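Below: one structure in structure tokens.
As written, the chain order gives the labels A, B, C, D, E and F, with residue 1 at the start of each chain.
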Amino acid sequence: MASERYEKGMDVLKDFNLVDQHHPEGHMDIGAGFKDLAPDLEDFVVEFAFGDIYGREGIDPKQKVLVTMASLVAQGIPQIEMHVKTGIKVGLTPEEIVGAIIHILPYAGFPKVLNGLKAVQKVFSEQGITVKTK
Amino acid sequence: MASERYEKGMDVLKDFNLVDQHHPEGHMDIGAGFKDLAPDLEDFVVEFAFGDIYGREGIDPKQKVLVTMASLVAQGIPQIEMHVKTGIKVGLTPEEIVGAIIHILPYAGFPKVLNGLKAVQKVFSEQGITVKTK
Amino acid sequence: MASERYEKGMDVLKDFNLVDQHHPEGHMDIGAGFKDLAPDLEDFVVEFAFGDIYGREGIDPKQKVLVTMASLVAQGIPQIEMHVKTGIKVGLTPEEIVGAIIHILPYAGFPKVLNGLKAVQKVFSEQGITVKTK
Amino acid sequence: MASERYEKGMDVLKDFNLVDQHHPEGHMDIGAGFKDLAPDLEDFVVEFAFGDIYGREGIDPKQKVLVTMASLVAQGIPQIEMHVKTGIKVGLTPEEIVGAIIHILPYAGFPKVLNGLKAVQKVFSEQGITVKTK
Amino acid sequence: MASERYEKGMDVLKDFNLVDQHHPEGHMDIGAGFKDLAPDLEDFVVEFAFGDIYGREGIDPKQKVLVTMASLVAQGIPQIEMHVKTGIKVGLTPEEIVGAIIHILPYAGFPKVLNGLKAVQKVFSEQGITVKTK
Amino acid sequence: MASERYEKGMDVLKDFNLVDQHHPEGHMDIGAGFKDLAPDLEDFVVEFAFGDIYGREGIDPKQKVLVTMASLVAQGIPQIEMHVKTGIKVGLTPEEIVGAIIHILPYAGFPKVLNGLKAVQKVFSEQGITVKTK
């Protein structure tokens, strides 16, 4: 039986359109790939990362995704595809997503930013998204 | 004679209230402390970091400061006082600033976040800012 | 009213001797210093870091503290004093604590290890602990 | 002619079952892949990393492998396959290996931990190792 | 119309043999791959990274490439192929390139250095470069 | 009795002017501060870091110090005072030292570079060294 915190985390996942009728198992991508190693890992992701943190008040969903992407890119972790997709779902424009990654340049340098942009490019390409440029 | 890009950078600094009649030399805090070692460093800060990057379209000033703070805290660089102050000047609420730092928890862990919050706490304490909590 | 998970986290803190009759507020050092900014931060520490993770089966308390210290030192976060103290409480010998930090040398280099050893040295000095050397 | 320290390092490699009659060249995987660039690199690995550090007293072989894995995962270096295999050889249980990686969650965040678990999963899958879960 | 700084950056690229009659678009590899996301990114690379920084006096071209490679490898960013090629073009010997990467060992550990050497090995192999070893 | 490798390391320390008649114990600053915790640590520093790595052929002493400083600053480890002093002893000009740190800007960002420059500034100030600027 799911805990109250798990339910709260799932509600957040639904609010973020990460789980819906078309992707009823969308949350399973997160942590669930390690069921064989650690079945509780999915709970930590749903309960802590989504229930506690993503569900926390203070900043809005768009800001949360921007902060998430910046945290990863600045650490040299370029696997932000999932977060780019979440960003699109919560209403970030393509310009905001690209602008946020580029804004990291003076704080973490070109190589990390270019690696992050590759992930953005991949998602935009898959979804047919174009960036308005002057 | 200042370059066009330097002027643009200075305009951004004014837009962000980092330089005004009460702090005409506000930008001098940035890079200018190294005039003896590298007089061009201030130009790089004003022209590139402010003119090119902060002056870039795509994301708004509040988002820019959130991304800046996240980039630094996630790298384990806790010296974000200047950016917390900038955040306040561009209209971020105390709850947004704290919320952004706490949102980094699942992505970079507790120690970096706690170090970042210490810097926030210092600025809020100096400026008499309180966070609304339930 | 404390949640079940909070209670579980507090039990772990007691098992690790971080909270006892002489230090009934020992857990308050962790996260509680930010009550003004984020009263829920203490819950995250007690519930997630202690209840979920430290309370998890798989590795024993000594191993948990060694892994904690290695994770921090390798990231260049030298503030491990609290974890050195926890290590002593759960029965790690001084030789094990020093040996673990030195073991990080080939994986993260001398500067991070030397910074970690400074923290160890400080705690050992405060507690009058000596390392058996040949 | 091999130096005394090289011999000591090789003894450690044998103690850790990394070199035996079935894998007489097991140590050649380490550093030897760069013989064309730097033939002395293998010596540094055998003499320093194994002879000096792995051969050092203080912590036991299981603890050494746990500290090694934690140091790498926390730095965002997910290539720990060799160390997972070494861990199995020195007697770490699958639960201890997984437990150690998961224990890093509060200290370095989910993304680095998930990347580390992928490497564990790969080795366990290759060797037909299963984790006991409740 | 190209700015004066862009022209200066292009001059540096020519001085470094990164753009010549055989590779008139050599600079396009840098940043230009993201024209669809951010057409100004190429300007930042040419103007800031090359014009301002690579074009700066103080250290010579060989030293600049060594510092570049060290900065990346030490951060755990092993994609240094382009910089290895630049190093060769400005006259670094194979021994200097390998020697610089190996010199990072005590400061950032074996795993990052081995990852860096893989990139060196790839470029040397493609270009038929051999390292003089004793 | 000192090992052959220890002697070699000490020779390197003398070649680098880190140990001489005026500072016969100069090497003791390195690692020796931890004699109480790990008396062998000094050996690792002298034998491996100096004997094996600093004593290695391939790059010259000036290049070695530049690579050392870049490795540290890029990792966000600003304690480079000792290496700045070594750089001066092996003949790096003030302009080269500053130029190398500033060259890291596009690869690791402003905050790490500014922190590194603070350490340079401290040493230059103590030794009355001035940088030639245009």
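Just so it is clear, contacts are C-beta pairs under 8 Å (C-beta built on N, C-alpha and C of every residue); 3 or more make two chains touch, one makes a residue touch a chain.
Heads up on the chains, UniProt names are A, B, C, D, E, F = Carboxymuconolactone decarboxylase family protein.
Computed from a predicted model, the values in this text were never measured in an experiment.
Peer 1: Counting hops between chains that touch, how far apart are subunit B and subunit E?
Peer 2: 1
Peer 1: Between B-D and A-E, which chain pair shares more contacting C-beta pairs?
Peer 2: Between A-E and B-D, contacts are more numerous in A-E.
Peer 1: Please compute the angle of the rotation superposing subunit D on subunit E (C-alpha atoms), rounded to a multiple of 5 degrees.
Peer 2: 120
Peer 1: Counting contact pairs by residue number and requiring over half to coincide, which of D-F, B-F or C-D is equivalent to B-E?
Peer 2: D-F
Peer 1: Report the inter-centroid distance (CA atoms only) between subunit A and subunit F in whole Å.
Peer 2: 41
Peer 1: What whole-number Å value describes the gap between the mean CA coordinates of subunit A and subunit D?
Peer 2: Inter-chain centre distance comes to 32 Å.
Peer 1: Any idea how many Å lie between the Cα centroids of subunit E and subunit F?
Peer 2: Here the centre of subunit F sits 24 Å away from the centre of subunit E.
Peer 1: Which subunit F residues reach two or more other chains?
Peer 2: If we look for residues of subunit F contacting two or more partner chains, we find 44, 48-49, 53, 56, 72, 75-76, 98, 102, 105-108, 110-111.
Peer 1: If we count contacts the way the header does, which residues on subunit D are in touch with subunit A in the complex?
Peer 2: 76, 98, 102, 105, 110-112, 114-115, 117, 120-121, 124, 130-131, 133-134
Peer 1: For the complex, give me every residue of subunit B touching subunit E.
Peer 2: For this pair, the touching residues of subunit B are 5, 40, 44, 47-48, 52-53, 56.
Peer 1: Within the complex, which stretch of subunit A touches subunit B?
Peer 2: On the subunit A side, the touching residues are 48-49, 53-54, 56-59, 62-64, 66-68, 70-75, 95-96, 98-100, 102-108.
Peer 1: Applying the document's contact rule, which stretches of subunit C touch subunit E when the two form their complex?
Peer 2: 105-111
Peer 1: Over in the complex, which subunit F residues touch subunit C? Could you list them?
Peer 2: It is residues 31, 34, 36-39, 41, 44-45, 49, 72, 75-77, 79 of subunit F that touch subunit C.
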